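All chains are identified by letter, namely A, B and C, in their written order; residue positions are counted from 1 within each chain.
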Amino acid sequence: MKLTGTFLDEISHDIPHQNWGIKEWDTDFQHMKRMGIDTVILIRCGYKNWLTYPSEVLQQEEGAYEPPVDLVRLFLDLSEKHGMAFYFGLYDSGKYWWAQGDFQREVALNLRVIDEVWERYGSSPVFKGWYICQEVSRKTAGIIDLYRQLGLHCKKVSGGLPTLISPYIDGQKAIMASEAELTKTDAVSLQEHEAEWDEIFAGIREAVDIVAFQDGHVDYHQLADYFAVNKRLADRHGLRCWTNAESFDRDMPIKFLPIKWEKLRLKLEAARAAGLEKAITFEFSHFMSPQSAYPQAGHLYNRYQEYRNEH
Amino acid sequence: MKLTGTFLDEISHDIPHQNWGIKEWDTDFQHMKRMGIDTVILIRCGYKNWLTYPSEVLQQEEGAYEPPVDLVRLFLDLSEKHGMAFYFGLYDSGKYWWAQGDFQREVALNLRVIDEVWERYGSSPVFKGWYICQEVSRKTAGIIDLYRQLGLHCKKVSGGLPTLISPYIDGQKAIMASEAELTKTDAVSLQEHEAEWDEIFAGIREAVDIVAFQDGHVDYHQLADYFAVNKRLADRHGLRCWTNAESFDRDMPIKFLPIKWEKLRLKLEAARAAGLEKAITFEFSHFMSPQSAYPQAGHLYNRYQEYRNEH
Amino acid sequence: MKLTGTFLDEISHDIPHQNWGIKEWDTDFQHMKRMGIDTVILIRCGYKNWLTYPSEVLQQEEGAYEPPVDLVRLFLDLSEKHGMAFYFGLYDSGKYWWAQGDFQREVALNLRVIDEVWERYGSSPVFKGWYICQEVSRKTAGIIDLYRQLGLHCKKVSGGLPTLISPYIDGQKAIMASEAELTKTDAVSLQEHEAEWDEIFAGIREAVDIVAFQDGHVDYHQLADYFAVNKRLADRHGLRCWTNAESFDRDMPIKFLPIKWEKLRLKLEAARAAGLEKAITFEFSHFMSPQSAYPQAGHLYNRYQEYRNEH
């Protein structure tokens, strides 16, 4: 199972920024290319007040800050230069879609963001898809409606470009990065997971094309079962099933550094055994890049390349 | 708003040590110089049992350990070599000035440290000021008296050299580094902040010359209001008002790595808009230096230098 | 007091993996050699489901994963190439020897691991000892029996090769890495420590040859007392007394980065003053190696080498 896609973690939620300029990003796309990456996915175009592009909608409506550079333009240009497909991640308010939030406002803002973005960047030949960035693990109130409305609008304005979501499993490692603990005891059961996602998939079909579950929240010996359930549900409801192979380590007290190669290999092999279509990772630039601020990432890149050449 | 000063975080309270020798420190002062730094401020000369210089007072009174090198001498020499002003940070016992401590002992020890230090190092032409290192955010019991006694004594022995304090705002990010959380809910209000610091400034005038509030404990959209209050209060009581622009990121679970450039830029621009006199940072060597153990720091240096050249 | 031994932290419990290949390990042994290391100690051959060598016992009994490379073979080969003695660390289930576990299963598994390992690797001329990896600080139920059974069996199969344990002191810094705090208040007293370890040592004599207490869980000013007690107890019961000088810093919120050189020096000098026989460290490759992912480690190496050349 080869990694052929990566998220671009700009702007970051819980992973410290590398402060790269244009030159470093260009170099990073070269490194990705050499590792076989053909798809890059902007994790989100904005988070709270921080933006990747100078959105008028979000500056006016949310008081978001004007960014120093237009990263969406930069990533589109680099994708074109290096021959990659670009997926655009929507806006995450960090509040409206939470329990006490104004859920419909998250949708309304994003509908306008989708229009704005498509008008500005839709002519790029490498704009190939959308990423609906609100990540959930359970049938959170309103999430079906949000995925449905946003997915349909993305597809409508863009002539049917594919839409992607990347949920996580509410497993024993589903812990906030700002919590000290590494595991919890009230994890979901496989049966609950299957029942809830059966209902969610039923509600979002035709609005969401691809699901790529994050693979880091359950124990390694549980992966086969969860991958099988996820694939079966996706097939049943006509979604394509990718895996989001996390390249950082959830088992360590420093949250987060690159994963041990053996663990990533084990997850990729479990995904292959389950017949998943494509593997993307969160994410290359911090956790697998030879120029990452974490030198373990460059060694992980080397280990992965050895594996890739052998298989 | 240009950064023209930095703290020297020796000895460190909560940031891991880089284990530099004389050669690395010399190189670092060169890097600082190239970035426009003209002032270096020793964060503290001792903390608990750890010392930056072989203080007889603190070894006898507190059982402090004799340090492997005399960093005060080294930093004075490098300041002279590279044309910088050096501010000397006082001793922090880490206990006496806390709630249950023997507050007056903190003062008494430091009065003797001031005498000892001025006798040893006062002849250096680059010894240009004092930093009173007990950092508070509120009108903690005894703090006015401590600032007053120590500030007056510093000025008296040194012929009136300026004294600096760097308080923090008791904002939503005022969290201990050893706590897992990133924010709290019981933050101070702008009105409480103004009332308490009005009283503190009234009590320390003529003993403290410069105040440089840390800029990292409130949300970015609150900076304008807090900077305006701090400036107004400083003007009212005859203090000079600098900003201490933190170059590490308080929003991330790893405590602490270099800040995202966009955030630092935003804070510097808010300080300029408020008319603050000078910007110093905590601190260059871990978070902005090209030779930092955190490679993000070198990229931050590059982003800052681009900004500096443009403005 | 010179460092002449190091643990090899494969596989790691709480320190992120560096993803080194054969080339990096070879280079690391060269770095160790240049620093005077003559002994390497595999911290454990397996932890939970993760293995350093393809153990049939642990794959069958515990469902452990087959590792990508045989690290035991690699480390034996590199030890031979670079002239070092290799100590083999036993298996840590991470559960059976805890309070609610099936203590005797930990022993039974390890008895079979010892046989398997000796049969496979016992002919290596650099296989020089055993490390019993269950680390305790108190007279935990069953620990004497575990040390005794495992130590005797190690010695029996291998013609009496020495056995090593590395307990910790239940001091104020005895905190789990996954906890946010840095200190606790319910530390052991020196008297309790002495009484409990007197009893443990009495129970394990002739089964365990060497004890190397970890030196990082008490405050620096307590080291002299604890080292003296440990040495006296070891002498009384016929154990050799080494020190395990931790080269990472327990006083910082990032758990863990390389220690400040001054602290390591202080600990080594306290060990020398107490007359301890040999100093090993946990561990070279993350915290003292010039090629560590943490650049502070390379600077620590340089500081240590300067010290070593002076003494």
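We adopt the following convention: contacts are C-beta pairs under 8 Å (C-beta built on N, C-alpha and C of every residue); 3 or more make two chains touch, one makes a residue touch a chain.
Remember, predicted model here, so these are calculated numbers, not experimental data.
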Hey, how would you classify the chain contact layout here, line, ring, star, complete or other? complete
Please tell me whether the contact surfaces of chain A and chain C are same or different in residue numbering, using the over-half criterion. different
Euclidean distance of C-alpha centroids - chain A vs chain C, Å: 39
Multi-chain touching residues of chain A, meaning two or more other chains, are 180, 254
Can you name the residues of chain C that touch chain A in the complex? 11-12, 14-21, 24, 49-50, 63, 65, 67-68, 177-180, 254-256, 293
What part of chain B is in contact with chain A in the complex they form? 180-182, 220-221, 249, 252-254, 257-262, 265-266, 294-296, 299-300, 302-303, 306
